[in-house]
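Chain lettering (A, B, C, D, E and F) follows the sequence in which the chains are written, and residue indices restart at 1 in each chain.
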């Protein structure tokens, strides 16, 4: 089975880390193809970056499917472009925020998302509402930019660790969700250290992707995720016109 | 006061209709600038088109602000790109779905959105949840493509009319929301005909825009709608990098 | 256009302040008629006062409509008598709490209402639920009686300011809502000072009223806001019988 | 124990019926005092009547407490004036809608409220939301005016019966709530006839009142239901000023 | 009237205390039969104990009904086995958590449950959601094991008292709910001491039971609470097979 | 990897079918051990059976873990005993209702559960609320007893098929969830036939179990799912006392 993991930003070191995290949990027969778009933002911090990662994400999803991918993981905790990506393919498309929340839901009741910057907190609130987890989950920001997670000297990991400790002490959380794909390498270590499940959405989504493929299920095409109707697109985005 | 009304698709006839609808309700001192992007989809039907209208929408928002716009109306009932657009400017940005729902909320309790195609119903469900109107509103599709509304011979208006009559008969609705900017010209006539408020989101949003400008309020910049951090964007979208 | 702004308490100085706030945002062609009932409570603090302001409020709404008002603003943050007022007229009736929440919703995700006394907090909780904003908004009390806001020597404004600072520090709020019509004069100054939108419901409601009138919309009469059926009322309230 | 049952409209025949219903379920030591105000609407149908029954209701509550009542039942299914009434006394105040919903909640999951006229449906929706029963309950109107229930020749009871049968057939309801105090005499007969609990709110509230009194509990005075602060009221309502 | 109060754990001293609490509020004609099963856990702390109290609870419910009980109170704040118990009998079955919440709802808006151990907090969260009280109530743990409440030397009562004081100071609660049947003896004293309603679910449920019996209502048998279909059960539980 | 699939009823033919369904989707290295308890109900239809399957279920979970199981699937769509089972082990425990809903959530917005008998509809409503899917999902009953699904001559499968067709026609559903483990063999065929995802919870849960094991995650032990405290149990259930 081949799973496409799209890091929707353009930072190759982060793609490599995400790919490694994906491979570290992939089943024996699963091939992980970790890619990032050639176009778009170098990191995704807030709604603007989120919107501009979508064309590149869609490009990668379509190309990946042609190369034989059977499911897609979108490796950004804002779940950007998820709905659009689901329309261009029948293979399952999984966002890492939804993936992490669902896995957490089997392991405990209350959870805390520890994300990077406060700019992302309203987006997290929105996803908690979208996914029906009001009253079970909340979000906190560790105060680290996404790319600081790529720099061992930044102290970012220590800030994440400290925020997780605050969540455990103050929120009564039973699970911690790492609120950025750039934290994907931390989950196992922090799970052991903190004494409760610390969940990385990339890994969670890979297993969900394997699961959906194994079930022979594909995205429903009867309503919201129907193929885009054929129509012209103008200008720079002409090449994205559904055909 | 100058209000930018962005039709986020590229169909000029629809922009003209939207602009006329906007002007028909604008206050004496309000200048309506109705534009559409040069890039992107010819109509917005479903999540894919929605995603690809955003770059053009953002371009128009930024250009419009430079030309002196004091508020922006996004004239598509899916409220596409609303969150992203709010980050690039301090002037208020108003989606027509949220606008129509809020105006309806002052006039009655239960409402029905009559939109174009069934592909949009899950998006409408999602917006009803996002805006906290579960239990008050529902959505129906009239079964007409967006651009059929541009063609008097298509019979589209009759289908909309019939669906509104079903909503009144079956849903106990106190207000009807026209679920597509392409229906903007129908609101007054249908309000009179149906005997209850039939609300066009474009017109509603223009009045809300005038209101927010008149209040001297601008988009909050302390969290989710903070200006995008400066960072490089790659490839085709390079020009959209926040600077 | 003529908008009736009813301060539903009987304190004329507060009516004057509210009227000034309303006029300061009214459009060029808008005439603001700010009134208060001759009967009822001198200030509205809690559910009891709220109930007893309604007959006076209704009286003013009906008289105002006869004098040509095209919309009504009810200038008390508890939104008292809103539903009843909507039944006696076809012109739109807007409560300042709902108005402020809706305007805030276009500018940010999380908000805090800063009201006067703790007695009003359960009413605020109830309105947050009624308007579907659970998980986005919360309420705090500054600990000032309503009429202290009429007395510059009371220190009330400083207490409001301090509570707003606590809300910003502790709640992650993107907008502040001034939870009493008696704070209507503070919004612009505090918006500048606090660096985020500080919203006065009176001003917000005036702009919404202008908007609804400009749209040619009136209150739906098909269900909950239908005209009261003709019937006798007994005793002191005989004069209020629907006819 | 003495329980005051206030029919908040002025129709004495309905008060008698309500009193009889209350007495038919009252415990051995419970004295039911059924009263109606001298002022206010002859029946309560919609938000306007609801608002104008409150002064008379409050008058009766205060007078009843002075005569030794230990709890109050407000016998109108819209639960009018409940919050205000709770502020003027420490004795428990129970609305019949909340009472009926709570009793139903112990006997089944889904319920339907069968009320009088469609004008009341939005009020019912609002109470379902207020009491947290979204997804469990819905409301239907039998199409009978309140006072038709006082007239055996009106056919009103047959219409109620027919609407209950539709609710059972179409809603999957496990309990029926009689959505008007004027139906209080029908509960036992319809329970037997329909084969499921048909709940009258008046009777339900009497038992809840007995319960709260028996528990020695009184209305919380620490926040929303604190005694109204002393202040002047003007005009016709002067006599209602808190003192 | 005879009410069966089942302490679903096997600790006789706690049954005695619960029985006394029940009797202290029972009406003149009410006989309280307080029992506990011969089988099952000595105390109920968390989901596991909760599951294993159910067979004993059901046994007691069925036996109690044969001895003439007209209603059942399940005296554990987790409301264990409530749904199952409702299927085996037509007499009303009342859980003390639901009972306490409903009584609190008539007396104030916000409440706090003070329970024993943190292990029970997710169960409390789940019940708050089940009963539709999100946004009104929260839960806290006093950090005392259930059986410490049976031991005057344990200091348990002081810890409960301290936690209640924290709830009042920090939560803005208008009512306190004692989150364990083992606290049933504390309600009256703490109500007086704390100056707000401190509600014991056992007592609350007894009054609700009296109420439902007085109304002549029984559990709805049309859907979820229909009698279990006749079928064989195997092994140790053979005797529980529905017949 | 070894996954224990517990059919919590005692019908071996159903266990065999469930085991086959589980194996048909299991990954290459996954061993499925399908078991059913020796004690308890022959089928689970409603809350009573649900409660009495739990001791047998727990026995199987504990025995299975000793034999090396790394995750548990509870193969009944009511998700019975899930919370209790999670306390006795650290390995993940997955209910098939939650599993099916979560998988559906990645493939479409609206879903319908097609279950066996109307007695189960309130339980389904409760799970939809528990899992936060209000407004996205509803439940229907095909009117077939569980064990009719074991009898090819019963016509049960045709009734399920017909109910699915009604769901597609009337609910606008994008996914169908088979609401009984006894339908596990139908998913692939019906998915092909109906043209949208028809999801069997057993298969879904197996893949989620593989996923959670692959992630190295275990049930959180910090609050609700902590190991049961050591204490005596009396009577028939003595052997279940936590030790």
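General remarks:
Note that in this section a contact is a pair of C-beta atoms (placed from the backbone, for glycine too) under 8 Å apart; a residue touches a chain by one contact, two chains touch by 3 or more.
Which protein is which chain? UniProt says A, B, C, D, E, F = Hydantoin racemase.
Quantities reported herein were computed from a predicted structural model and do not represent experimental measurements.
Because chain D (Hydantoin racemase) and chain F (Hydantoin racemase) share one sequence, their contact can be compared position by position; here under half of the interface residue numbers appear on both sides. Interface comparison, A-E versus B-C: the higher count of C-beta contacts falls to B-C.
Computed centre separation for the pair chain A (Hydantoin racemase)/chain F (Hydantoin racemase) is 27 angstrom, with centres defined by C-alpha atoms. Put simply, the C-alpha centre of chain C (Hydantoin racemase) and that of chain F (Hydantoin racemase) have 51 angstrom between them. Residue positions 108-110, 118, 121-122, 126, 129, 134, 136, 172, 174, 223-225 of chain F (Hydantoin racemase) each touch two or more of the other chains.
The touch graph of the protein chains shown belongs to none of the named shapes.
Interchain contacts (touch definition given at top) occur between A-B, A-C, A-E, A-F, B-C, B-D, B-F, C-D, C-E, D-E, D-F, E-F. The residues of chain B (Hydantoin racemase) lying in touch with chain A (Hydantoin racemase) in their complex are 10, 37-43, 45-52, 54-56, 58, 81, 83-84, 86-88, 118-123, 126, 129-130, 145, 223-226, 228-229, 231-238, 240-242. On the side of chain B (Hydantoin racemase), the complex with chain F (Hydantoin racemase) involves touching residues 118, 121-122, 125-126, 128-129, 134.
Here chain E (Hydantoin racemase) touches chain C (Hydantoin racemase) in the complex through residues 108-110, 134-136, 172, 174, going by the rule given at the top. Residues of chain B (Hydantoin racemase) that touch chain C (Hydantoin racemase) in their complex: 25-29, 92-94, 98, 102-103, 105-110, 131-134, 136, 168, 172-175, 187-188, 191, 195-197, 199, 203-204, 207-208, 210-212, 214-225.
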